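Chain lettering (A, B and C) follows the sequence in which the chains are written, and residue indices restart at 1 in each chain.
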Amino acid sequence: MDIFSVRTWGVRGWTTLIGLLILVAVPSYASANDAVFIQDLFNRLMILGIAAVSLNLILGYGGMISFGHAAYLGIGAYCVGIPAYYDVEPGWQHFGLAIIASAAYALVTGAICLRTKGVYFIMITMAFSQMVFFAFVSIEEYGGDDGLVIYFRSVFPDPFDLEDAATLYYVTWGFLVASLFVVHRIVRSRFGMVIEGSKDNERRMQSIGYDTYTYRLVCYVISGVICGIAGALLGNFTTFISPDMLNWTRSGELIFMVVLGGSGTLFGPVMGAAAFVLIEEALSGFTIYWQFWFGLMLIGVVLFARGGIDGLLRSAFGLLGRRPGGSR
Amino acid sequence: MDWALLVTQILNGLQLGILLFLLAAGLTLIFGIMDFVNLAHGSLYMMGAFFCATFTELTDSFILGVLLGLPATALLGLAVEVTVARYLYTRDHLDQVLATFGLILCFDAGVQYLWGPAGLAVPLPGWLRGQVSLGEIVIPSYRVMIVVVGLAVAVGLWWLVNNTKMGMLIRAGASNRTMVSALGVDIAKLFAGLFGLGAVLAGLAGMMIAPITEATIGMGNQIIIVAFVVIIIGGIGSVKGAFVAAMLVGLIDTMGRSFLDTFMKLLMSDQNAETAAPAISAMTIYILMAAILAVRPQGLFPPKGR
Amino acid sequence: MSETFLEIRDLYKSYGGIAATDHVSLDVRRGELHAVIGPNGAGKTTLIAQLAGEVPPDGGQVILDGEDITRVPAHRRSHMGLARSFQITSLMLHMTVIDNVALAIQSHTGHSYRFWRDARKDTDLTEPALAALAHVGLADRAGEVADTLSHGEHRQLEIAMALATEPTLMLLDEPMAGMGTEEAARMVETLKALKGTKTMLLIEHDMDAVFALADRITVLVYGKVIATGSPDEIRTDEAVRRAYLGDETAGAA
């Protein structure tokens, strides 16, 4: 699919556009109907969507199953929280720190994890994120287990006053569009081809001359940085930063979103995040035991609807199952 | 040098190691032979604790609580195997991880529904609430019993793996799964049996810790990661590796938490040591795992043929 | 300039006490097609794995055009002119035929830390890729997912990819494996056309192909070289007959 040529848009292209338009219309709808909670819900949805899109870059396209991606959300959030705790206001410092910290964490953990494969990789990414979780829990100064409350959001020059909820929403939407665009370009580029090839047959890629380890590590870092930015947005959104954001079960939720939406597709993760957040919201309204039904849904998706929402849409529109990159 | 503290902490480390071993043994067998990653193993640990708590309350005896709780957990394990797990053996590991993650959600919510949100205390009988003295060092008897029971189970498991037919199948399967099924062994029965065994071991661990920490919702979710760290360090599929790694992790984690700040105070200011030490001690076992993987990526005692 | 292009010196690799490669020494001359034959279990694939850089030898050296590449990792050997085809088809099966070849070309045209341009629209990649495919007769299948090709077409694609990296030395691990007579004959023609321009080390079981293509043959049995020589020399060598060709004296021609 070529973004700049509408003729080539298929079901996926149109779904993406419609989805983004719905999202950008939410604040207006919410204020018209005096329903701020809807705007909040969708704001959180978009942040998780960005995180899921970043995870899908390495998981869906790259075949690297990271069960520790929530670490970046936490790191990004703390990169807003800790400076704020010291009364450091400028937003570019918060976000800059989030980018640097995420990149550093991704580089160090990726360098170790990417030497392993399969389930070892899954377990090690999980273990590293637990490590960061416990590290933050232990630091009493920044709230430890109780978390950290911040009293102002990242300060940017006008008109980007993040204290205004609608502005924060639009800024988040902007990052969502940007991250979708960036991933879209990466996936089609030479770099993306190497990543896709390495997922398919790493041994072959090495024999034709690719240092797959280094390429995958770079991809891993890019993914971490995007997610770290989502974390910084999350910290701004909630103004309450807790180590629980780094819990491995959060990483599981992110993977669930990617799989629910359809991994290896561009907008799938966003749909997955949307479905996750909206179903969670709806179910928890019905019963306090909503997690039970959620768990069943997850098991059901894995057993019966592995292609996720994207898969269901495509069979609904009668298209043959083709992975991206499988068509010319 | 506070000897009493040192001995107590070593004992605590061994106790943690024993518990981790019980968890890790089942996990490594199931993973090593069935190639099945079971995140919900921690939930079976939790269910063991809750079953024991309930039976103890009903029969007014902790011992009976354990003796009734073990088969209950085994049955639960078999139920999980028959309804969910067996459909995932042929799937890739991500699918297994996701589906068992879903099981965790179901178990946590289910426990909340059946037993309420608060934890359940498990009272110990009088004879286990006492203390044992080693010279001037005083240790709670219950902790000693945990270590004794755990070592007994370890020996029993060793005997099972090395001297019985099932054990032979386990060892063969850890090296070569296809061969085992090609030899005409009923794989479905073997796997179900293994799953049940893993469930019992996990449940036993949960039951033993419950009198100390209470049976609480989600109690398995953090320790399951530590159990995975143990089997990665020990070598996936190896019970001996699980034992050594569990002891190593248990001791290092406990000693680290107790003594790292003292050690760090030798190197830096008291205040810095006090801030940094808890964070670093929490990270020690992961650093250990990373270090071992850097040198031996297949773990300390990988089964031959892997 | 030396006539010897690839030198394998006293190469040794053992697995659990059994020597898969038992002090193997052989040399491949520039431009020749050197075949390695031997019964199953002779250690041919282990040998190729060490030459390709996938498996580190326990002892000995691999010297390519005068340079010791024994410890050089696999991906870098490709940039030193080495290409390999696999015995069991090893392709990016979820990607298209042209994607597979384009990747081979991409690897050798600059670096791949390019994140913006659509690689599938890059004529620097697609044109040579199509040319390579045309060379093996797969140009009309360019847009299909590699998974859908027949076994023989997979083997042809393997060769196309190996050629696309413009190698000076090709390691061919049983390219004719599993092929019918017609497909095999076609493969023989493809390889014959390469003789002279590429130096090739060929592992094969198909004796007709071996005797039709090889300039020299080395016979490997239980990891040891038992004979090296021209096809005629090998055909009549006693040790070889005993160990490998057995009673096929009548058929070996």
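Assume a residue touches a chain if its C-beta (ideal position, glycine included) is under 8 Å from a C-beta of that chain, and two chains touch if they have at least 3 such contacts.
Keep in mind that what you see is a predicted model, and the values were worked out from it rather than measured.
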item	value
Chain occupying the middle, per Cα centroid	A
Of all other chains, the one whose Cα centre sits farthest from chain C	B
Interchain centroid distance [CA atoms averaged], chain A/chain B, Å	32
Centre-to-centre distance between chain C and chain A (centres being mean Cα positions), rounded to whole Å	43
Between chain B and chain C, centroid-to-centroid distance (C-alpha), Å	49
Residue numbers of chain B (touch at least two other chains)	none
Of chain A, residues touching chain C in the complex	2, 185-186, 188-194, 196-197, 200-201, 203-212, 215, 218, 322-323, 325-328
In the complex with chain B, residue positions of chain A that touch it	65, 67, 112, 115-116, 118-120, 122-124, 126-128, 130-131, 134-141, 248-249, 252, 255-256, 259, 288-292, 294-299, 302-303, 306
Residue numbers on chain B that touch chain A, as the complex places them	31, 37, 39, 84, 87-88, 91, 93-95, 97-99, 101-110, 112-113, 221-222, 225, 228-229, 232, 236, 275, 278-283, 286-287, 289-290, 293-294, 297
Residues of chain C that touch chain A when the two form their complex	52, 54, 73-76, 78-79, 83-84, 86, 90-96, 98-99, 102-104, 106-108, 112-120, 122, 142-143, 145, 161, 165
